[in-house]
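What follows is one structure encoded as structure tokens, with my remarks underneath.
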Amino acid sequence: MANMPYIAAVDAGIHQEMRRDPSVLYFGQNLATTENHAFVAAYGADRVRVTPISETAEIGIAIGAAMSGLRPVVELYMAEFMLVAMDQVVNEAPRFRYMSGGQVKVPIVLKAGYGFTAGWAGQHTGSLTALFMGVPGLKVVVPSTAADAKGLMATAIRDDNPVVYLHHYMLTLEHGEVPDGEHLVPFGKAEIRRAGGDVTIVATGWMVPRSLAAAELLAKEGIHAEVIDPRTVSPLDLETILKSIDKTGRVVLVDQAPRHASVTAMIAADIAEHRFKSLKAPIIQVTAADTTIPYSEPLEAHVIPDEARIAAAVRQVLK
Amino acid sequence: MANMPYIAAVDAGIHQEMRRDPSVLYFGQNLATTENHAFVAAYGADRVRVTPISETAEIGIAIGAAMSGLRPVVELYMAEFMLVAMDQVVNEAPRFRYMSGGQVKVPIVLKAGYGFTAGWAGQHTGSLTALFMGVPGLKVVVPSTAADAKGLMATAIRDDNPVVYLHHYMLTLEHGEVPDGEHLVPFGKAEIRRAGGDVTIVATGWMVPRSLAAAELLAKEGIHAEVIDPRTVSPLDLETILKSIDKTGRVVLVDQAPRHASVTAMIAADIAEHRFKSLKAPIIQVTAADTTIPYSEPLEAHVIPDEARIAAAVRQVLK
Amino acid sequence: MSQSPTPERQIWMFTQMLRIRAFEESVKRAFTEHPGVIRGHTHLADGAEASIVGSLSHFREGDAALATYRCHGYPLVLGSDPKAMMAEIFGRADGLCKGLGGSMHLTDVKRGFLGTSGIVGAGIPHAAGVAWALQIRKKGNVVLSFFGDGAAKQGAFHETLNIASLWKLPVVFVMENNGYNVVTTTVQEDANAAAGEPLAVKAKAYAMPGVTVDGNDPLAVHAAVGDAIERARAGKGPTLVESKVYRLSAHGNIIAPPGVPLHYPEHEAIAVFGKREEYEAALRGDPVPRFRGILVKSGALSAAMADDLAAGIAKEMQEAVAFAVKSPFPKLESALEYNYA
Amino acid sequence: MSQSPTPERQIWMFTQMLRIRAFEESVKRAFTEHPGVIRGHTHLADGAEASIVGSLSHFREGDAALATYRCHGYPLVLGSDPKAMMAEIFGRADGLCKGLGGSMHLTDVKRGFLGTSGIVGAGIPHAAGVAWALQIRKKGNVVLSFFGDGAAKQGAFHETLNIASLWKLPVVFVMENNGYNVVTTTVQEDANAAAGEPLAVKAKAYAMPGVTVDGNDPLAVHAAVGDAIERARAGKGPTLVESKVYRLSAHGNIIAPPGVPLHYPEHEAIAVFGKREEYEAALRGDPVPRFRGILVKSGALSAAMADDLAAGIAKEMQEAVAFAVKSPFPKLESALEYNYA
């Protein structure tokens, strides 16, 4: 075990795989511009390259390289920057295997940060996970701890399908214990971050620590919340969520995105179809307000879910 | 009233507004390449122009023209083609008014067809409505009848915000009665296509006629389904849907998209939060299978919701 | 300078041109002879035969080609079975892609045809990515990226050519300039064309060689693309080749919902622009009879041999159609089989 | 040929350059003097003053300008109140955009500064769209589209310049080539630069004039952009102007989550590439003292007048900071006010 920041764990996951597999590439903007760059120094300019500001070509090139047997990891920095290349992400990478009747594989990892509600204003703060979640052929992972950041990256690189790997900017420097040596976290296995029998809280990314803080608050009131972190939203481990609801009968879903752009709506709909009988209260979502993110600090804080709003929602489903 | 095909009604809506308002522009690929083209003949080359295959520039240019007081309608043909310009659609057009503190308006209409499951295979058949539905600052309309096609287009053009106007390719030649002269259909007002007291069916686009066919089928079994067509998913007329559920206590949601890329999941989640008490049965969604759309006819039919599957879901919620 | 092909090789080239033409004519006929078997949108390569064959005649083991929805010609030249190609276009179980891809997405990885995108310009970076893999493997292989004149107006073209040049990727960008993007002429949508310049000028923005060649002359294309391929194999980087061709059929079959019988309309030059003379001039320049004339004149081929060739190919394509019509539809379960590896 | 500015006008130009420099220095100082007031990512224009002022000195009523996240210089020259600008950067109610946009999205429509996109290249088509509106209105107005060297590698640049040329839109594309895209040098990411060519060569792909100018010389920029503007006003279409400048600060403040105090690191030439000499040479070429020297030498300005100017401007910017710090935060409800018109 080593204690390291979340962002260092992401890199550790890439290093782990680049060391063991020469077919892994890592490229994107503003990296490897000098030989001192850790990755180019370790793996050479064939495998680690800086690109121009050309996301459509970057992701498209990754697809072609992957079809030829390589495993590219594309550094995209911010999820929004994928929007200029959205066709490559949702209508190229996940289609080629299918349209060719299984002749090709497209093992690429699209690495991007999201949710940077720290004064980055309207165009750089989005929580865009739901845009990718429902695309057949894509997988989507959203680590919330340093250990998962490393283990999910490694699994993403070994996966034979296109994976959108979304690390949360607000967690960048959060430290955590990370297993040394080879560490892999399976896709489609949710983690119960806190056990409890009164209510189920489901959250991803930065909303996980906020939900845990709310659970702490509620514990003082004698309310025992179970906090579940799906870790990957495609594939989604619905089973773990449903099992918890069978026990608690109550659920609050927390998402940093606006309500109709949220991952939680997808989960709520699945619960409403599969666990109607177990539910003792409405399924409540705590999401961002339906707004572009404001720059000014108090306004930004005002529109994003916090522990108070999460706790209030829990009290409501317990009424 | 005139009886005309759905697609002619879309054009009628554009003509209605271009005739009355000289600030309305209509442009895009493969139109107005000769003077005989109806729109360029009627409104001139200043207002009607053919563009290269450059969606990012086309939509970006529309945004700039709109900020300068014009009202561009961009012809995009297929919703997928917006993906190469997704940043302009979801991270530019809907942001400028907000980020400028209300200094500018961006009244554009992005017109695109969708859902062409008629052998167009993996990249041209998507039902992408959910990608746009949750974006703050955008409005999203999905007409299912000729009359709405005209009236919603006219309203979209008069709206001061960016509107994604999605017409359904499978409805292209469906005829319907369309009001002569000025015709406007308000945003955010769902239409009850068929009244019934036993169960509520919510569907959009091509799934509306399929749901009505299912309702017809069910009527023969003595089951009276109410079929609701939201017509615009942003703004969404949740009230009409909830009112119907208060009456029926049962709901089936039909969407041509895969489950986790569906508009119905958003609606289901809203229902599960706001009408838990009224519900007598699980909220069931009938969606496309989680797959890229196959080319081969029987396979394509196999993965898309049809009246039999809709009727089966209704019988299930009535159990 | 790449050498001109031997007489035998020229006959092979002519044969491939005939096969593409015959295949496309069979596809076109199927719309009327077998109504309903072809769905969606089909795009034909008739008129581009010389360009396709001239470009692919340099193809080696380990090389790769990628193209667009207008993709029937390439795999045919690379050795794909016309039966499997036709079955794919008919959506059958024996199809090249098991009936999942259809006419726009023919793929035959074993023969180096890695696939197509139906999104204009989107396949160009894929080709560059394949080229990166080949560059790393250092076996002197190259990638051919085929796309149209209209595609040069997509951002993907611009972004990719810059990187390909910067990284000296072993790729040749073959732009088939057929003068049209559906119903829009190149001068109506391209600033270089509007200024009377060749589209190959665009190469200057990428510090890359750009050449324009008569795409109706298979030997001229062979030479131009051959030089570009030599350059790429030698590690000197990419080239943009503008190959001027004329599409002899309409952009594609009519676009209509189920219920309306699909068919091929007249070419846009006539149907939309009323320029029958332009179209007839194109017919007079048809690369297939033109090359036949050259070969017969040079004595490489006798008229009788040419007729035999054509007859044999006509039979080959008839068999392909017969096979495809009889091929069963795929099992329904297969619709969910290939979303994930 | 556009005329060179009168001595009075040159003093106005120098004054605007001083104001941009003083404003940006105040912003930079705020990171340490008022920790926490500036959030997110702020990009400064120091080093580009001559280019910005030379370009905007032709601005007329009805003209428009659009830019990027590096946007403080333009509105200042166009007459925006530095108090409101600083208040916006501090996220306050009196901000130019009511505190909703922040440093990256300054907008002042009344003064013709229509806004910015923080997405590289995305604002270029917006400028072309404004130009279309001006073309329709036929008042001889023009649009200035400002962006960086790196942005020329986005598809949006390519697609827009082709259409602007084709439609002869009244727009001037001013590429501020500061040699860097964050920590990537232009030769590392641009095929023309790697080949030792100016980036203005890219204009050839759009059959558009392309010129390269010394962006440190306000009079040279005035002349080059002036000619382009005349051309645009005359209906002859767009021009690509490559203005060579040097960014004197780092790309932006450090990127860090809340809790970490933000600040401005050293310029990448030193911090990343260890090329102190490159940076010091840039300092020696600093356009502000350089233009001051020229004006004093020509007698247009006395050293004393220049010092008075600077002192007055220092005071103006101190007042802007004082105003911004005191300005209240916006009401919470205003966060939901402007999503829809």
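We call the chains A, B, C and D, going by the order they appear; numbering starts again at 1 in every chain.
Going forward, a residue touches a chain if its C-beta (ideal position, glycine included) is under 8 Å from a C-beta of that chain, and two chains touch if they have at least 3 such contacts.
None of these values were measured; they are calculated from a predicted model.
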Farthest chain relative to chain A (centres taken as mean CA coordinates): C
Separation of chain A from chain C, taking each centre as the mean of its C-alpha atoms, in whole Å: 40
Chain centre separation in whole Å, for chain C relative to chain B (CA means): 36
Computed distance of Cα centres, chain B from chain A, in Å: 29
For chain B, residues contacting two or more additional chains: 51-52, 54, 56, 80, 83-84, 87, 91-92, 94, 98-99, 121-123, 136-137, 290-292, 294
Set of chain D residues in contact with two or more other chains: 95, 97, 99-101, 105, 117, 119, 122, 153-156, 159, 162, 166, 189-190, 339
Category of the chain touch graph - line, ring, star, complete, other: complete
For the chain A and chain B complex, residues of the former touching the latter: 56, 80, 83-87, 90-92, 94-95, 98-99, 121-123, 126, 130-131, 133-137, 234, 236, 257-262, 264-266, 268-274, 276-277, 279, 281-285, 290-292, 294
Of all residues in chain B, those that touch chain C in their complex: 29-30, 33-34, 50-54, 56, 80-81, 83-84, 116, 118-124, 169-173, 289-292, 294-300, 302-303
Residues of chain D defined as touching chain B within the complex: 64, 66, 95-101, 105, 107-109, 114-115, 117, 119, 122, 124-136, 155-156, 159-160, 162-163, 166-167, 337-341
Contact set on chain A toward chain C in their complex: 25, 46-47, 49, 51-52, 54-70, 72, 84, 87-88, 91-92, 94, 96-105, 107, 136-137, 139, 160-161
Complex contact set, residues of chain D against chain A: 38-41, 88, 91-92, 95, 97, 99-105, 117-122, 150-151, 153-156, 181-185, 188-190, 256-260, 272-273, 329-330, 332, 334-336, 339
